[in-house]
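Just below is one structure, and these are the notes that go with it.
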Amino acid sequence: MTSSSSPSTHVASRARQYVMVFVALAVITAIEIAMTQTSIPASLANVFFLAFSLAKATLVATFFMHLRDDSRIYTAIFLLPVVLVLAFSTLMLMSAGGH
Amino acid sequence: MTSHSITHEDEFRAGRELSLDHRKLGMWLFLASEVMFFGGLIGTFLHYKATVPSPESAELDTVLVGINTFILVTSSLMVVLGLDSIRRGNRRGLLTYLGLTALLGAVFLGGQGYEFVSLYGHGITLTSSVFGSSFFTLTGFHGLHVLIGVAWALLTLGKALRGKYSAEDHVGVEAFGLYWHFVDIVWIVLFTIIYLI
Amino acid sequence: MKERTPLVIVHVTVALLAAGFWVAQNVNLMPAEASTRAALVDQLFRAMLGLAAVIFLLVEGLLLYSVLRFRRPRGDEGDAVPVHGNRALEIVWTVIPALIVVVIGFYSFRVLAASETREADPIVVNVNSRQFSWSFEYPAEGVTSTDLHLPLGRQARFLITSADVIHSFWVPEFRVKRDATPGQIAELLVTPSRLGTYPVRCAELCGVGHASMGLTSQVVVESPDDFQRWVEQTRALSGDPVTAFNTLGCNGCHTLAAAGAIGVVGPALDGIGQRAASTVPGQDAATYIRTSMVKPGDHVVPGFADNVMPRDFAQRLATEQLQAMVDFLMAQ
Amino acid sequence: MTSESIAAKPVPAWRRYFGWSTDHKVIGLQYLVTSFFFFLVGGAMAGMIRTQLLAPDSTLVSAEAYNRLTTNHGSVMLFLWILPVLAGLGNYLIPLQIGARDMAFPRLNALSFWLLVPSGLLMLASFFVGAAEAGWTAYVPLSVAGPDGQTLWAISVVLLGTSSMMGSINFVTTIFTMRTAGMTFWRMPLFTWSMLATSILVLTATPVLTAGLVLIAMDRLVGTLFFSVSAGGDPILWQNLFWFYSHPAVYIMVLPAMGAISEIFPVFSRKPVFGYKMIAFSSLAISLLGLTVWAHHMFTSGMDPRLRVPYMISTMIIAVPTGVKIFSWLATIWGGKLRLDTPMLFALGFISMFLIGGITGVFLAAIPIDLHVHDTYFVVAHLHFVLFGGSVSGAYAALYYWYPKITGRRLDERLGKVHFAANFIGTNLAYLPMFLAGLLGMPRRVVNYDPRFTELNQLASLGAFLLAASVLPFLYNVIVSWVSGPKAGDNPWQAKTLEWKTTSPPPAHNFDMPPVVTEGPYDYGEAAQGSLTPSPSAAGD
């Protein structure tokens, strides 16, 4: 972050980047909704849905939440619980298969 | 007195060396715990989705909720555009975008309310089945977070009106933004596991 | 001192191992071994106890030795010789416990696999639990009992469930327990290996009758002939109201001398035939007893908790069974 | 942010301790005193339990009252004594140990304490509407059916969890951003390290319990069907959510105690701590491993058989970093110049008793043995050796060690040693017989028991009564010494960590000049002197 006293002239706008990320998010969402209206086999579609969901969440965290530019410590703090939740949910689903 | 004022400026030096702001770090830690909270609810939802048949889920209106998803994603864009404005010293831009954020958040809540009412009309309620319980609890807690987010957006808007933020000092806007984007991410995940899969 | 150090280490190691070996051979903290699984579990337990003794004596010994040996001399305010660490030593006390843990883990896995091996022609027993009693149903033999009778040497396959909250079916002499979870059926394999009578306990807190749950049941391991005789006797008695009283689980909460029941969670039923007529105005004895069974919430005896007595006897019992039970209680 | 604490009077008026204060030292002391009150409450419940168990068929308390006592004894001891007493130590010490003037969020800090008080009272008040009686584990469906107090219990635990999470956000932020000049991560005292590891666990594990409690509360209040078996609800689900928190909770409760005794050993041995980095790493390793082992509490409950062995292995592996700590402590005192003052005695007691808890933990991890001893008195004995022999001994060690820091006065050594002896004998007498009772067939949470366990139970009760009596010399000592104990001076133990480099008790702003750190926290026996030099920037102003 700059400490310049006349920042408006020094800080470049990132609006372009933000809008591009937004367009990507919107397009993925549109594809998802379109896919629900087609008859793609569920198992195949689900793989896509999970991948899309991961991509969207990553885009928001990376660009909108600035994890790309900020300290890696923030990324670590966010990723540890995400990994734990993935593990927990997977184990919950596995134990569901046990009964 | 003088030595105290020096220590006051010097207080967060270790954080600056790590390029950490204590308010942002606190926010990220809070969000980490929120990930775990939603993780518990999501694990519950998935477990029941896998073990208890839920024919009611056919009543879910994916297109309506898809539009709602689009609205929430748009609101996230508004937040970053607002942050971008104040970073360049443009207070008017911040005010506009924060207002739009709160508005879009409210629209999202309206959409969710409409969805809830129509599901209740189909007999799907909190107490009708395990699916109903876990669906309304999970989306309800997310909705509660959006509601808090709208209130926070308005609060930030109020502070911005009183000129609290500037190109140099806008951590408050950033912290709000982190919360809002997190709520957005949670919705992206919920949309997938509830409506798409 | 320095030259003697390796020798001391060798002596201490030998002494510790000898002590551990002695503990593993001679210390028995377990009740009787009444199943093949129990023998395997006890072997593992004794091996671990020996290892535990070595580690316990090593750590407590070092602690005590240090306290006695390294006292600060009176008046000495100086610091000791600084040592910040020793890479080799730190690797040793990371790697050795890790190895011990791997060995114990492997051994445990072997015991687990061996004790869960299916044998041919097991006797199937449905273990049904409710607050606060067990009943054992033998689908192939067509009998139900409050006692668990098992033929010696034949693997028993328990299918365990619960009608209300979580219970846990535990026979300490078998060295195994399994939770009885409502809505689920858990499988447990046990091969009885010793004749005798053993207690059966509930290990999971299940409400006010938790401590007494199982006191009216017992496990009887008997010869296959005795078992066959017991099955025939029990089958002959299956219409008997005393058997019904106990297999329905009434004995879990109520005292009734005629049935040998000693529960204290609900009101005692001795003399109920006399009391019943005058308990609720406008209800004769038979109506009162019948209502208390099918709608227990209507009149809760003062001093006892509501919502403990099951609500489903009207569904579980045929009309004539219900009438037989009312008649039986009227005669008490 | 911290301007409030600067504005406060330098000499703390007693009134500040009874109201809203943002000074971390006031809050720390509020935590310590409040939690000790709840320790006495939980101890009174334990006293009633052990009196009931003096005879196998005692009718002193009803089965219902007994279940309420055990449930709330556990909940009060865990959530209202051990967690807050350690949070209190963290509050008091972390800013001092890293050379900061306060926590990063002083108002959040005050809020987390003031959330504790009403939540604790709520839990106790639940006795008026029929207290929770489903065990502190609150297994469903029993806990969904219980009296109204069960709902209050759930709400109380949610609030206590929230308080503990707010505290942890504060600890991590403070440690990351407020260390003074020269206080690098590898110069941080081990207590601060342990609080960092603990806070990571609190932040990741607690919210999952909160989610589970929300489900129970909604089942009870709104009529949702999460744990309704007839609708397809799964009782095992609650066990997963519960143990995802409650297993790590054991490490949450023991890591700070380990941190505290890691401070005490070098000071009272006049030697650097042995393997400083390994002890710090092992705290992090324990907390990360601790998040992956919860289902070992469910070996008997019908989990997927394929998952049992991985859980067994990961549980056993925790013994490795724990062993590293124990051996490092032993190596620290080896060859030292030991002073057996009360803090040191309690720290040594920690090792000798925690060891028993740790070893029996490996027994419980071995599935074939667990299937026999799960839910028996063996488990009761194990957890009390970990939490009483471990955490409570560590807390006592810490209180004796830092008492002169907090009050500026010394405790009476003789009373301290009486307390230690009674506590040590009482702990072993109370809990060792329980191992045997459990192995021989006594289930836990029973109001009556088989007469063949009578002697074992009477020994345990005797030990419990001794533990109750051991609190008296401690309380007397703490109160009387506070008023009239001999002045301790600023650094009575000649310790080197930063909290001892200011006056005892410290001024409201902690340090008159921001300290600059030039050496490690335990450099005993080294030539370097004067780790505390005024900050150049401060001196130049």
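For reference, chains read A, B, C and D in written order, and residue numbers begin at 1 within each chain.
In the analysis below, a contact is a pair of C-beta atoms (placed from the backbone, for glycine too) under 8 Å apart; a residue touches a chain by one contact, two chains touch by 3 or more.
Bear in mind that the values here come from a model prediction, so they are computed numbers and not experimental data.
Asker: Any chance you could check whether B-D or C-D wins on number of contacting C-beta pairs?
Answerer: Result of the comparison of B-D and C-D: C-D.
Asker: Cα centroid separation between chain B and chain C, in whole Å?
Answerer: Centre separation, chain B to chain C: 48 Å.
Asker: Roughly how far is chain C from chain D, going centre to centre by Cα mean, in whole Å?
Answerer: Their C-alpha centroids are separated by 31 Å.
Asker: Counting only residues that touch at least 2 other chains, which ones in chain A make the list?
Answerer: As it turns out, chain A has residues touching two or more other chains at 73, 80-81, 84, 88, 92, 95-97, 99.
Asker: Multi-chain contacts only, two chains or more: what residues does chain C have there?
Answerer: Only 184 qualify.
Asker: Can you tell me which residues of chain B touch two or more of the remaining chains?
Answerer: Expected reply: 18, 20, 25, 29, 32-33, 35-36, 38-40, 43-44, 47, 51.
Asker: Write out all the pairs of touching chains, ordered by chain label.
Answerer: A-B, A-D, B-D, C-D
Asker: Flag every residue of chain C that touches chain D in the complex, lowest number first.
Answerer: 29-31, 37, 40-41, 44-45, 48, 52, 55-56, 59-60, 62-63, 66-67, 70-73, 76-86, 89-90, 93-94, 97-98, 101, 104-105, 108-109, 111-112, 115, 164-166, 168, 170, 172-173, 175-179, 181-184, 186, 199, 201-212, 265, 305, 307
Asker: Any idea which chain D residues touch chain C in the complex?
Answerer: So the residues of chain D in touch with chain C come to 62-64, 67, 133-135, 137, 139, 141-142, 145, 229-230, 232-236, 269-272, 274-278, 300-302, 308-309, 312-313, 316-317, 319-320, 323-324, 326-328, 330-331, 333-340, 348, 351-352, 355-356, 359-360, 362-363, 366-369, 371-372, 374-376, 435-436, 439-441, 443-450, 494, 523-526.
Asker: Hey, which residues of chain A end up touching chain B in the complex?
Answerer: 3, 7-8, 11, 13-15, 18-19, 21-22, 25-26, 29, 32-33, 35-36, 45-46, 49-50, 52-53, 56-57, 60-61, 63-65, 70-71, 73-74, 77-78, 80-82, 84-85, 88-89, 92-93, 95-97, 99
Asker: Using the touch definition from the top, list the residues of chain D that touch chain A in their complex.
Answerer: Residues of chain D touching chain A: 176, 200, 203-204, 208, 234, 236-237, 240, 244, 291-292, 295, 302-307.
Asker: Which residues of chain B touch chain D in their complex?
Answerer: 2-4, 6-8, 10-16, 18, 20-22, 25-26, 29-30, 32-41, 43-44, 47-48, 51-52, 126-127, 129-130, 132-134, 137, 141
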